[in-house]
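One chain, chain A, links the two complexes that follow: it is found with chain B in the first and with chain C in the second.
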Partner chain A sequence: MAPDDESYVPVEVTDGDVPSQPAGAVLSVRDLRVEFPSEDGLVKAVDGLSYDVFENEVLGIVGESGSGKSVSSLAVLGLLPEKAKISGSVVYRGEELLQKSERQMQALRGSKIAMVFQDALAALNPVFTVGHQISEAISTHRKLSKRELADETVELLDIVGIPNPKRRVDQYPHEFSGGMRQRAMIAMSLANRPDVLIADEPTTALDVTIQAQVLEVFERIQEKTNSAIILITHDLGVVAGMADRVLVMYAGRCVEMGTVDEIFYEPRHPYALSLLASLPRLDRGGRDDRLYRIKGAPPSLIHVPSGCPFHPRCPLARLPEPCATVVPPLAVVAGAEHKAACHFSDELVGMTVDDLRATEVSS
Partner chain B sequence: MTDLREGVAAQSAFMADAPDKGSMLLEVEGLVKEFPIRGGFLQRVRERVSAVAGVSFSVDRGETLGLVGESGCGKSTTARCVLRLIEPTAGSVRFEGREVTQMRGGELRRMRQRMQIVFQDPYASLNPRMTVHGIIADPMKVHGTYREGGKERVKELMELVGLKPEHVNRYPHEFSGGQRQRIGVARALALDPSLLVLDEPVSALDVSIQAGVINLLEDLRDRLDLAYVFVAHDLSVVRHISDRVAVMYLGKIVEIGTREEIYDRPSHPYTQALLSAVPVPDPRKERSRTRIVLEGDIPSPADPPSGCRFRTRCWKAQEICAVEEPALVDRGQGHPSACHFAEIQEVV
Partner chain C sequence: MVFRGDDPHSEAAGPTIGGSGALVELAEDDALPGAVGGLDSSDVVVGEREGKPLTQWKLFWRRFFRHKLAVISALVLLLLVGMALFAPAVTRFEPTAQDLRNIRQQPDGTHWFGTDNLGRDQFSRVIYAGRISLKIGATVALISTLIGTTLGAIAGYVGKWVDQLLMRITDLFLVMPGLAILMVANVKFRGQEIFGFRVSTDNLAILILSFVFWMTIARVVRGLILSLKEKEFVEAARASGASTFRIITRHVLPNCVGPIAVNATLVVGLAILTESALSFLGFGVQPPDVSWGYLVADARGTAGTDYAYMIYFPGLAILLTVLSINFLGDGLRDAFDPQSHH
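Right after this comes the complex of A and B.
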């Protein structure tokens, strides 16, 4: 299915082996691997990641620092440095992105697939007005008259809830507060009505009341457009409120995937359950409540543990066999699309956060 | 866990004079901190920013007070003024019955043995060229307590915070973030304090590491009868660890009360907005919750609004709010709230 936009540069697909996409999928990632050479050895940042994003949905990608969640999305956009070794497949509307040239990717980035970065101050150019930078994002991909360009820029600022957009459009990034800069970034990413919006920790640097404002902007985008949103975050609360489906990453791999309710209420990978059990909650508990402590630390991506990468920290691990020897495949565990990569995911049926916390008290 | 218990048992010698629980340990009254803004050729003081504008609270022995608020609300400055790491401009800080703001020389040094701080960033707050032993022993050397069994004390402290004593000669870079924060805690405990000021102690840590450090802090508090002033922006962490909570906005406490009073029965609009803005990791709850989204940003502390400082973003604001500053008093909700129109609303 070819996009109908005129400005879009069509690409000849060399061989006919572009993986087919499921119906309704906008972006399909298959067996994506990203490796970086380093002085200490090969860093396996992403190790065989596969997922689909469908129209009009929010896919939450959660994981801790170093889990590969950001690197995988930079790979999708072709934004990784040249030394990165990338393999696998990224298909956007029937076209393989990993084989595209830099020029072809430029035509796609910011128009069909756009990204919102965490640090808005670093992502905005301090010597140009915010309006100039948003206009540039539009005019790079579409030819508009000066008047139309100015109108559309103001409209975009208005959509993301910036007060007084007509005045604000001529201000510089330093005149914007943190929350407004992030909204200006979102306005820029929306400039060409992207099919896929990738937001990498879009609210992490923000205070909680400002985060609420920015999340509201995303909710509005969801209502008004058909864009698929990939929301990358470490905040399970943000994911619970925003995402339709969730992908949990650990050591560069997807360890569990499912609907937001499946992941939060019936997690079938010990890492997902452990994370939930380790979180202090705003809505319950207090001084006598014990948090579940995940032992150890996230693994080095140079020396990823053998077998299941989570086995040194796992409360269910059977050692050495099979957990330290056999990599558990990501397999369907329930329903149609709930998948987990654990040899003993069946044992998690019915297990709750409180069961795990109880083990902490008695240990 | 077992390591920790043994460590604590070994610790009992230091706890021989554990005082009664419940008596007041720290009392802060009318604390003010102004920072000058300089400008022009001669760098004259142009204006003054009140980072802390009259803050009062108290902490009992063995109690944890959470100090929460968004960036720039003055919570860290308040905590540092208590220790006199920053000199307060006005107000009084009484610790263990003595006025801290007037102390000098030896008296101030002795006071600081009893009151210690743990910083946010475990990467920046440990000297990379010192071994763990050097880092933990340093306060003892400074205060002259190292000679009598300092070496053993360092090992005890490492066990106490869940580190292996055999790692005593390693350097900070050989430890993970969570372990480094434990080193920071061990250093703070070296002089056997009665109060720890914890300035965002877990916010630089990964989610899976946070819980271990929080549990450790809770264990230490219970076993060493420590009082904490726990400064954090993460309201979930603060709920978990605090007995009482003070909510700050633009240099002032807007509401203060027990954990249940603040989280289950908040009465100040800012507290309500703050709590309702925190996403909970519970999808069904998230779908049904109504979020109070505040307009605009926090005003500049150099030019705070007249009357109530929150009025520019408050949906309840009326004329009186611009004229009369609401005092932090109990307005019939059972705990103090600085709002003319205080009213309990459940938001969590």
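Right after this comes the complex of A and C.
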């Protein structure tokens, strides 16, 4: 048990002892909170997030901009600026990461847990050849001879499907096309065969054809390495195609979590359902149909709405009681692991996207 | 080849927008030889050396040799430095050997640059003076670049009060009247021991000049690093486990090498010129050491007379060196920038 010390420590670990993880979990996040002090008040970027990632699994994290997707993954890697106040627990294979020193984290970053960034052109160093940068990523953690280093660099480029890798290693990022840059980024993150790969919107900056190719790369990687992949995106299509399980974030919290099928076919949180309803469908509706929209705007993270943070925008909210007063807990709603944070998640059973659209028309 | 024909620079110009990227990808997947995403001709040459990896340095030299003026300047400098280094082999007379029967000889086959009022061979004098002048230029550039880069990098990357402190110190040095300080310091320290070392006048000039030329570089480097550290590739480097030291030295500073090199070359020229000015005023190196500036100052009485060649040759040496170094700086800047199209 943690001592009842009320004085505030920036990194406060809820469980003092060696944290327990479910069997097979590589990375476990428990009650993660990230706050940034700002001039207008405390920004609660992540508010009590918990999840596990298992070996050989793709966990999709979806949510709007500012829902805390990226911040939570940066917190896992310990890459947030110093002013961020982080609490909770991040356990990687039995080791608490939030307690680790910067030096210990450096040894872990890139070797055990690696990250793929969204904008590959910005994330690649313009003055070095792609090959040099991949070698650099390798040699940060492993000491290899020049020959081995060169061979492995070419091999990595080959793994991510860059044609003619022997020639490509000597080119600069600006000589690569967008899709190839992203693949080079992925090659860099794979340099030391990480257990966990965090991909922060890896396909957002790419057009659809290239997206498909990059996603294929991820699938190929997983076949070869069994690593766990955390795929952060706001593209539901990408999640549907790639992820095994999905975590839906809203206002820094997890509002629904489950398998891809559960989330896409039996969503039990109005936000998840609304997201699905707002997807354009080619097979439904006439030319004049307008897209479903979630009314209102994403909430301020400084003044998070009371009760359920989604209640001001929720088509099914019962106001004021209980939606605006009581924070709904994230509870198992069906099966073993399908969880949703809604007071009325039972009422969403069997509700379809069309039913939701109907509520919009009537209201 | 069809894919390349349309617009060879579309890729190199900047971030790709979807359309052209897709085209390139298609080209790759069809595995058309040579049809790899929008390269310019030089890059195709890179590709021809299949299996033999080109190092960063080889690519650097490739770009450098495209800059003709810089290559010529480098050769000129090499020649000047070579002559200074091998001065005894290059010259026929001792620079201090007086020949009172042959004073103020016009340039001829024996005395290429003529002789001075003590009959000393001016060619030898210029070559030997080059040893001092070039040494001062190079060393001052090296020292001030080291000081400036280190302080600028620390200030820029660490930020906060460290940045404030270092930059205020830099300001302090900047507001001091350089030439006056140099003159006072020269008088104060000449012939004195500094930290137990007896410093010759040329080394004294190096020390003093280094102290007035590091500030520009510090400011340039700090500014560069301030903007570079916000770049995503720095975060990517952090995410791949690189330490702060490694990030600064292996990811951030290499991005500054171009501007730093250009600045360093400017300092070489500036140091030689400032030393010349100091020598001219009588505060530079002292005989028996001579620098180009000293030679010009020594011959100032000949201006407007038939013996003005005494000024021309050392003056020409200064001009040639400073010009070459500036062109060299240009070439280096382009060579360090992988995206340059020169």
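Convention: the second predicted complex is superposed on the first by the 334 of 363 C-alpha atoms of A that agree within 3 Å, B and C clash if a C-alpha of one lies under 4 Å from a C-alpha of the other, contacts with A are read in each partner's own complex, and residues count from 1 in each chain.
In this section, a residue touches a chain if its C-beta (ideal position, glycine included) is under 8 Å from a C-beta of that chain, and two chains touch if they have at least 3 such contacts.
All values derive from a computational prediction rather than experimental measurement.
Chemist: By the touch definition at the top of the document, which applies to A:282: first (chain B), second (chain C), both, or neither?
Modeler: In the superposition, A:282 contacts chain B only.
Chemist: Contacts for A:209 in the overlay, against chain B (first) and chain C (second): which applies, first, second, both or neither?
Modeler: both
Chemist: Using the superposition on chain A described above, determine whether A:170 touches chain B (first), chain C (second), both, or neither.
Modeler: second
Chemist: Quick one: is A:140 in contact with chain B, with chain C, with both, or with neither? Answer first, second, both or neither.
Modeler: Touch partner of A:140: chain C, not chain B.
Chemist: Looking at the overlay, what does A:264 touch: chain B (first), chain C (second), both, or neither?
Modeler: first
Chemist: State whether A:114 touches chain B only (first), chain C only (second), both chains, or neither.
Modeler: The answer is second: A:114 touches chain C but not chain B.
Chemist: Just to be sure I read the superposition right, which of the two partners does A:292 touch: chain B = first, chain C = second, or both, or neither?
Modeler: It touches chain B, and chain C stays clear.
Chemist: Applying the touch criterion given at the start, work out whether A:64 contacts chain B, chain C, both or neither, answering first, second, both or neither.
Modeler: A:64: touches chain B, not chain C.
Chemist: Once chain A of both complexes is superposed, is A:122 in touch with chain B (first), chain C (second), both, or neither?
Modeler: second
Chemist: Hey, what residues of chain A end up touching chain B and chain C alike?
Modeler: After superposing on chain A, chain A residues 163, 177-180, 207, 209-210, 213 contact both chain B and chain C.
Chemist: Quick check on the complex: what are the chain B residues that touch chain A?
Modeler: Against chain A, the touching part of chain B is residues 1, 64, 70-71, 176-179, 206-212, 214-215, 218, 233-237, 239-243, 259-260, 263, 273-287, 291-298, 348.
Chemist: Using the touch definition from the top, list the residues of chain A that touch chain B in their complex.
Modeler: Going through chain A, the ones touching chain B are 64-65, 163, 177-180, 207-213, 215-216, 234-241, 260-261, 264-265, 274-276, 278-283, 285-287, 289-294, 297-298, 313, 360, 363.
Chemist: Quick check on the complex: what are the chain C residues that touch chain A?
Modeler: 11-12, 14-16, 18-22, 24-25, 28-29, 31, 36-39, 43, 46-47, 50-51, 53-54, 56, 59, 231-233, 235-243, 246, 250-251, 254-255, 257, 336-339
Chemist: Could you list, by residue number, the parts of chain A that touch chain C in their complex?
Modeler: 77, 79, 103, 105-111, 114-115, 117, 119, 121-129, 131-132, 136-137, 140-141, 150, 163-164, 166-167, 169-172, 174-180, 185, 188-189, 191, 206-207, 209-210, 213
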